Amino acid sequence: MVDFGFGLVPSSRINLDLFDREKFEALAALEPDVRKCMACGSCAAVCTAGKFVRTSVRDAIEELFNAHPDKALDLLKSCQLCGKCTMVCPRGINTRHLILSIAKIYGTK
Amino acid sequence: MKNNILIIGGGPAGLEAASGLQRLGYNVILIERSSMLGGHLASWDRLFPDGVSARGTLKGLLAQMDGVKCFTDTEVRSINRLEKSYNVILSNGITVLADAVLVASGFDLFKAEKKEEYGYGIYDHVVTNADLEAWFNAGPDSDTRIDKPKRIGFVHCVGSRDEKSGCRSCSKVCCATAVKQACEMKQAFPDAQVYCFYMDLRMFGRHYEDLYLSAQKDYSVRFIRGRVAEVSENVDGSLLVKAEDTVAGKPLKVTLDLLVLMAGMRPSAAGKRVGKLLEMPMEEDGFFAVRDGILAGQRSGLPGVFLAGAATGPKTLPETVAEARAAVVEIDRYLSDIFPNVKNYKTLVRERW
Amino acid sequence: MGRLYDLLMKDYRLKEGLNACINCGTCTAICPAAEFYRYDPRKIVDIVQSKDEEEIEKLLKSETIWYCGECMSCVTRCPRKNAPGLIVMALRNLSIELGYFVESEKGRQQCILTKDLCANILDYGYCVYPRRFDYAGHPEAGRVWEWEEKHLDDVFERLGGNLDGGGPGAMRRIPQEDLDELKRIFDETGATERMEKVRAAGLRKAAEMGLTEEEFMQKIYTDSDPKHLNR
Amino acid sequence: MIYEGKQKIWSDYQKDIPDDHYFYVRSCIRQSFFPASEAAFLKITRQELGKDIFETEHHTTCGGIAYHSDTIPQETAMTIIARQFALMAKYGYENYVCSCITSFGLYCETMETWREFPELEAKVRENLWKTCKLEFAKPKVLVHASDLIYKYRNLIAAQAKHKLVNVHTGRPLRAVEHIGCHYSKMFPSKGVGGAEYPYVLVGMIEAWGGEIIDYPERRHCCGFGFRQYLVKGNRGYSLSNTHKKFESMEPYQPDLIITNCPGCPYFLDRWQYVIAESTGKTYGENGHGIPVLTYEEVAGLVLGYDPWDLGLQTHQVGPEPLLDKMGIEYDPARKFLGKDGKDIGRPESCMYLK
């Protein structure tokens, strides 16, 4: 193989065809409210951990839909389960339970 | 002698106003360009937000038309303003001396093929909101483009909020229509994955937000905040759709078996012709101007010419019906003022409440 | 209204390219750069229209504005008739004017681009000149170019070109009087000044990085920090 | 795919292309890498069709690549352009045809900006007089050289020696068309067929017997990106965009790619080489690439010109599979000879790409 000093670079494009529906259905069975998010960002705005480390329930849900569960977990790894997001969610999502459920379904441990 | 009122347009606005004016005792003549009454409602299947039957609603409107002279397949050929009224010659040869004219010319659906990058009329599995309603009406085998789709996308704002296609404004009804149709497609194809591509979800009316929530919760519709930028066709005939997920801030692609374009509401071409004959003022967006958007929403800039429904911009069906009733009141006031000596026979038969 | 925004608005490309953005993402959806760099043109337009001085300054010193390939695919699609590609050009122009471009790795590349392209125009009257397109610096030009480079005169003769020859034809030598006119255009319209400005800023940055001009040029030609790319 | 739908769009985007009398302006990239293509354009238009296409040695670059690499100010580019236009008028022409797509886009952009901001036009007019003592002028009609070949496509077909048909199977050859981004993406009305479904190359392929492939990434940029190629550290961008296109067109098994932009054929050709040599992947049959041709080269082949006169030996992806399908006779031994049979060696062979 020839080394040209540069090569193909990774793509950032979301490919919805890769979405793992079965796994998401398992999550929704545990916590149906995951579907109710309307991406308003209230949770991220009040997030205690988010002031120090990028943390966002909203973005994590989006990443799950976008076939990047690894990124979703990354966005939640600093969560302290303080529950402020649950208090502010206008759709009344039990975000703490949702976060725990995501960890359960998608977590490696 | 009674006052003659000419109503141009046999859609929901024209029908509702006609029955109201007839009931007050006026002599009402309604003309409709096409061969049947009902306008766009006649080709729709179910109505948001509660899914009531469009056919049933139209039946309700038509049931009160007794006494109204209706001419279908009829257009205005010429209009001349006289001192207090209008001399109107119709395409069927009849001349009407109208003391008031109600323009209820409605809207045209945006021609989706004008949004070239979405490939309507080019790619095999791209349809419009109207096509989908026709398919709901006519049954599963009525449209080969809709072939047991497993992945379905809805594109909001097609020909709306788009200066490229000559329309800056919002068409108001497409968001709710898209969400309604998304749920209906899920009912038809429970295994399908359904996506809605939106910029803002304008679910402003009563029960609309419930419809949205239900689409998410009960029908698993995925809402993606991003305008579809481009559609193309794969070698197997499926569609490749590109947008940005603006929540994630990343470009996105998805393969779909069916794409539904939410064609917006544009000024009716036939209405524009009438407007030209009357020299009735229009706004930049092509819809007719009203005298006062709050206090005189049914009055045009011309004496004795009134407006109702989507002729003055995108409206929901309840708004259209309410405007038609408002027009009845406005016309009645106007005619009582201008023709104080004409005795219109007001109905004495009380409704049975 | 802040200073940088005002400076930007003097650029005809911004006047042409910015109506109110609605953040719909059509530009990013089909942007060739958005997929391969950490790049979102929508956000650039949004920052400019925010008129936030601090954010605009950050942008002018950022890597972000150098990711665009100026293909202008975004222009076709924007529902508000914006031209994100033209907005990026105006930002780059201002970044160069203010000397901010050397603060980013991608921005510094202007030093070598300006030097090479302007030299080609002033020396030969062309943006590209084959004798200055070397296989060593362009291994992707292929084995065929490796061969052509060695036999450029013969290849051009064979293909009906007129390399460095008189009169019309492909790659002819452009008469000196015409090159002189190009030079006068450069002097009159700010291109010469731009060349000097870019070189001076580059030299300053090279000194700051402890590099000679040559080392600096070599470095900016080949360097590419992984941070530009997606993981 | 519904062909009639495209026809409707094509009929909306027809442009005025005068039949004759043009001032011709060359392309920097095309001259450097495809000099025989420009020679073929002049031979076809002047000798085969008897058109008046005038060229002066005094014209220069339009500055487009420097402008789009952000190395010269807008006003500099505009004044260089004004100089080109002034030369056209000086030699008595009012129709302007350029060989380069970047130029074409920049001319369109410039004229549009002048129209919108007359004070800028006045400034450029003044610059032009001050620096070159030339009278400001604007072309009556501006076209790209591919517009002209499109216009003459049926005349060329009438003189065709070969068709874009597989002589072994009798089937039309399957062509991918690649339009330079600056041809119509900025100003859809300036391109034949518009921005979404450009017809300029499709028309040629159809007239010469071939069949067009419409694949998902058809509209995507080749990835040149000016600075994204010119600086070595950025070339991953350029390569990756071409790669995206090839991955998308692969299932359609195209016989050739036809281009109208000077840079695109270079990139679509050379990046196939890089992909092959660095990953082992090839997109044609049996280790070959997909031949990438300029529209002049395709027109030349159709008219029976010798492939080596057309410069097909300077492509890294060998054209032989295409020549064989078209039934064109060629002498492999003469491929890399210089003028009058002079031996000038030959390129080294590649590791993966045949």
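Each chain carries a letter (A, B, C and D) given by its place in the written order, and its residues are counted from 1.
In this section, a contact is a pair of C-beta atoms (placed from the backbone, for glycine too) under 8 Å apart; a residue touches a chain by one contact, two chains touch by 3 or more.
Bear in mind that the values here come from a model prediction, so they are computed numbers and not experimental data.
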Interface with most residue-pair contacts lies between C-D
Expressed in whole Å, how far the mean CA point of chain C lies from that of chain D is 22
In whole angstrom, how far does the Cα centroid of chain B sit from the Cα centroid of chain C?
-> 49
Just how far, in Å, is the C-alpha centre of chain B from the one of chain A?
-> 40
Give the residues of chain B that touch two or more other chains, as numbers and ranges in rising order.
-> 117, 225, 230, 245, 250-252
Give me the residues of chain A that touch two or more other chains.
-> 2, 4-6, 9, 11-13
Scan chain D for residues touching two or more other chains and write them down.
-> 195-196, 219, 232-233, 235-237, 239-240, 244, 274
Chain adjacency by touch: line, ring, star, complete or other shape?
-> complete
Chain C contacts chain B in the complex at 19, 22-31, 34-35, 40, 42-43, 76-81
Residue positions on chain C within touch of chain D in the complex are 11-13, 15-16, 30, 32-33, 35-37, 66-73, 75-76, 83, 89, 92-93, 96, 106, 109-110, 112-114, 116-118, 121, 125-130, 133, 137, 140-148, 150-151, 154-161, 166-172, 174-175, 178-179, 181-182, 184-191, 194-195, 198, 220-224, 229
Which of the residues in chain B come into contact with chain D in the complex?
-> 113, 116-117, 119-124, 230, 232-235, 240
Quick one: in the complex, what on chain A touches chain C?
-> 2, 4-6, 9-13
Write out the stretch or stretches of chain D touching chain A in their complex.
-> 232-233, 235-237, 239-240, 243-244, 274-275, 277-280, 351
